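Presented sequentially are two complexes of chain A, the first with chain B as partner and the second with chain C.
Up next, the complex of A and B:
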């Protein structure tokens, strides 16, 4: 019973991490159809931003404030990744809309450049981020079941990001323009929406959310130049499985992969578990090629 | 219109890559002054120096570990040059990037031997890179110095192994654990050749020595979520987790182990791929109290090590640390130099002959090349991570252990055969 509860929690926790890394991609790939191979590197930028924030706090703030660096580092990671995304869109992606293969190659190249840049700036070895002490330890719900605060925190952070994104995309003026452009670019342009600005904003927001993911991942995993490569495949998997273009699909995709992966891994082992999950995804996509939730659109593809 | 757009994109890409390569370039020349002359334009310096190849991954996932080894090897070359070089000639390093890609290692090794005509090559880290280079060195009769602990079961006539083989790291570590920390062992490793071979040996050893195997798990390289594995470890209730995870997975495993409320007091873990450099990247708060088995620590107390650590920090920065493979790379250069001087030539056959039973006072203590296997005698050390990120030595083998890559002198290992 203990193990069942723990594994259920682990499943949800893995799903929340998957969702966090896939949310940004759900925008850049899901909505904008840019096969953004540099998504992992935007996550990495978020992680390094957290590292920098931590160092700044170490250097310039009284040590009693140190614990709160993490609160600052979330918006800081968002902002830095946002700016990188904006720069990337304006300088490169903008010229490659509607050419998926070109954008795949170009963003992959950008990813490699960013990795090497991180290696030159921060050095090749991993760097350490000390998690704030209020996230250490866990909640003991049964004698043998401990829910780590960090994992709970990430679940909360994902929920907050989701709610914020929902309000932005479905309830704000900017979001309505964004949806209009993504669904029918020509019509939106006819109606006076500046598609260029919307494109840039959308891509930058997707990148910023990748930055937040990077910030959260410093709690769980390594922080190094090649960090992004560990997550990029999972991120694409979630978006494709969920159905390109729908937020709710991405949530379902992350939940599905996370829970099944944890279950399979528990029953078999880590390598085989992953293989089984991939097999299930392939089988599912054979049955429903457009994923869990398909976007209905009136524009002709 | 279309053409103009393409042009624009081209220019942007060009500019960005220029900027990046300029950044990288600066860094490169700043840290590796001697390679300036050799790195790009070879041939020019050939007339007035002995060329040696340095072949490590300077980009890609393995750069994380290999860059520091390259630094140590370049430092050794610089020191030797400052002291007059070898055979009265300066050593000129030719640095190549293996790019964490095994075919690239083979290709660059071929280039170093056939085109640059280097006297020897120092390089490699992963067993896959070594296995990729091995046929090239054997075919062209080159000489490779490989600086990392590995899974044994190999002894190429064209390779010198300055890292530990299994009986200088894993086997004594398991013996020590069974005596001091308990009998129930859980084996956790990354899913590739080194952990699987190492665990094959450990399982035989456990059977022979009365240990109990309570679990065995492998995770793909780069695996980052260990929550399920940790649940399984909890259920199996081992006394010891023997950890052969490699690279970044260690960070995820130890961070998540701590979050699950398991500390070094509750569970002994012994790692064979976590050294000082990795501790810096994982965070010492997470690793404190956990164990590792190596032949060298930065804290190892020998006169040669005091000088080595001081020079390394002076050259590359106070915040840098030394570690076992870094020391093994450094030692390799000096052993080669000693062999060349004894042979009076850089000819591969003569150097190999001269290298037999050669001794040198390395930072890790006295080492000796075993003529038969071309491995070196090394002292085994078990260390515990301290709050300052350094190791405290808990135990050492007292004397340098004779290398035995095929474990011929261990009766229980009779069933373990080389995989080739």
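Up next, the complex of A and C:
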């Protein structure tokens, strides 16, 4: 029983991290169809923003406030990654819409550039971010089962991001414009929607969410300039498995990969577990090439 | 009101329209006729701004819009019901109409009214409010066409571009849509530029007619001038 609960929690925890790193990509790749290889670097930017916030708090704030730096660092990393995303879209991505291969190469180059930038600014070695003390420890639910607060916090953060994204995309005026443009750009333009603005905003928001993911990753361990490269494959896997263009699909994709990964790793070992997960994904995509949730409507033309 | 002068446009290297000039006056129904492939839809797209003009101008209400984006043209009062309807399949019927409001004039509409669909935009389509929660892509062709009309009318345009509104739709709904076009004409607030295959219908609503052939205006005239000789020469296949 203890083992079962612990494994279930681990599965959900891994899923939540996967989901957080994939959510931004679900927008930039899922909605906008931009193969953004620099997504990992936007995560890295978010992580370093958290590091910077921490250092600023260290330097300029009374030490009793230090524990609350993390609360500030979440919006801060969103904002900084958002600005980087906006800059990237305006200067580069907007010239590459509808050219997947070009955008793949270009964004990969941007990724390398950003990594080197981080290396030049912060140095090549990993830096550590001190977690706030209120996230240390865990919740004891059975005598042997302790759920770490950090993991619980990430699960909560993902839930909050999901809810915010849901309301933005499906309930707000901006979200409605965004969906209209992504489905039928020309027609949306003919109805007076400013497609340039919508593109820039959408890409920037996707980038901002990657920043939040980076912020959360600082809780899991030290961070370095190549932090993003570890996560980019997972992020794409989640979005592709979930089905492009739907939030629900991304959630299912993350849950599927997270839970199965934990299960397989428990039964076998870490590397074999990963192989089995990949095999399952390949098999699944053979069976349903468009992922868990495919967009379907009656097509009339 | 709408004045197209010596327009030349096309796709990539190929030129479809050569030297097309036409005019639409306020409240008037102007019909664009011609056999398949003569450039009627291309002309509609260039008027709306989806295709860039190589030469010539598109002016609306005295303002030269040739270089302006489609959104700017929509905001100056042009409504577009494209061929194939182009409904947003994943948006609900209600959201589709709300997108139509984007081009509506901002003045006189407070923030609270941003989601107000003008009643007369949907009054002609009583079936739409019953389907507000359904996705646009799940509607039938005829329903989608009605939705495309309501979406274009939401911004209360002064000119409506209708590209084959009755194409591929069952006869009873075709009659409904013709009724709608007639009632828009009767209201007199909205001019219409209509591409339509049915001569009988066109003759019953049209004020002025242009016939395109090989990407140029081959004939233009009023209803009385549109006699059998003209029809035989330019329209019979």
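Definition applied: the second predicted complex is superposed on the first by the 296 of 301 C-alpha atoms of A that agree within 3 Å, B and C clash if a C-alpha of one lies under 4 Å from a C-alpha of the other, contacts with A are read in each partner's own complex, and residues count from 1 in each chain.
We adopt the following convention: a contact is a pair of C-beta atoms (placed from the backbone, for glycine too) under 8 Å apart; a residue touches a chain by one contact, two chains touch by 3 or more.
What you see is a predicted model; the values in this text were computed from it and never measured.
When the two complexes are overlaid, the chain among chain B and chain C that reaches more residues of chain A is B.
Legend: residue contacts after superposition of the two complexes on their common chain; A:290 is shown touching neither chain B nor chain C.
By the touch criterion stated above, A:6 is placed in contact with chain B alone, chain C being left untouched. Shared-chain residue A:177: touches chain C; no touch with chain B.
When the shared chain is aligned, chain B comes close enough to touch A:220, but chain C does not.
Look at A:274: by the touch rule set out above, it reaches chain B but stays clear of chain C. Legend: residue contacts after superposition of the two complexes on their common chain; A:129 is shown touching chain B, with no touch to chain C.
In the superposition on chain A, A:144 contacts chain B only, with no contact to chain C. Across the complex, chain C is touched by residues 173, 176-177, 179-180, 183-184, 186-195, 295, 297-301 of chain A.
Residue ranges on chain C touching chain A, taken from their complex, read 48-50, 69-71, 73-75, 80, 82, 84-86, 88-91, 95, 98-100, 102-104, 114, 135-139, 141, 144, 151-152, 155, 168.
If you check the complex, the residues on chain B that touch chain A are 5, 8-9, 12-13, 16-17, 20, 23-24, 27, 58-61, 63-68, 191, 217-220, 222-225, 227-229, 231-232, 234-235, 248, 251-252, 255-256, 258-261, 277-278, 280-285. Those residues of chain A lying in contact with chain B across their complex are 3, 6-7, 10, 13-14, 17, 91-92, 95-96, 106, 109-110, 113, 115-117, 119-121, 123-130, 136-138, 140, 144, 146, 148-151, 219-227, 229-231, 262, 265-266, 269-271, 273-274.
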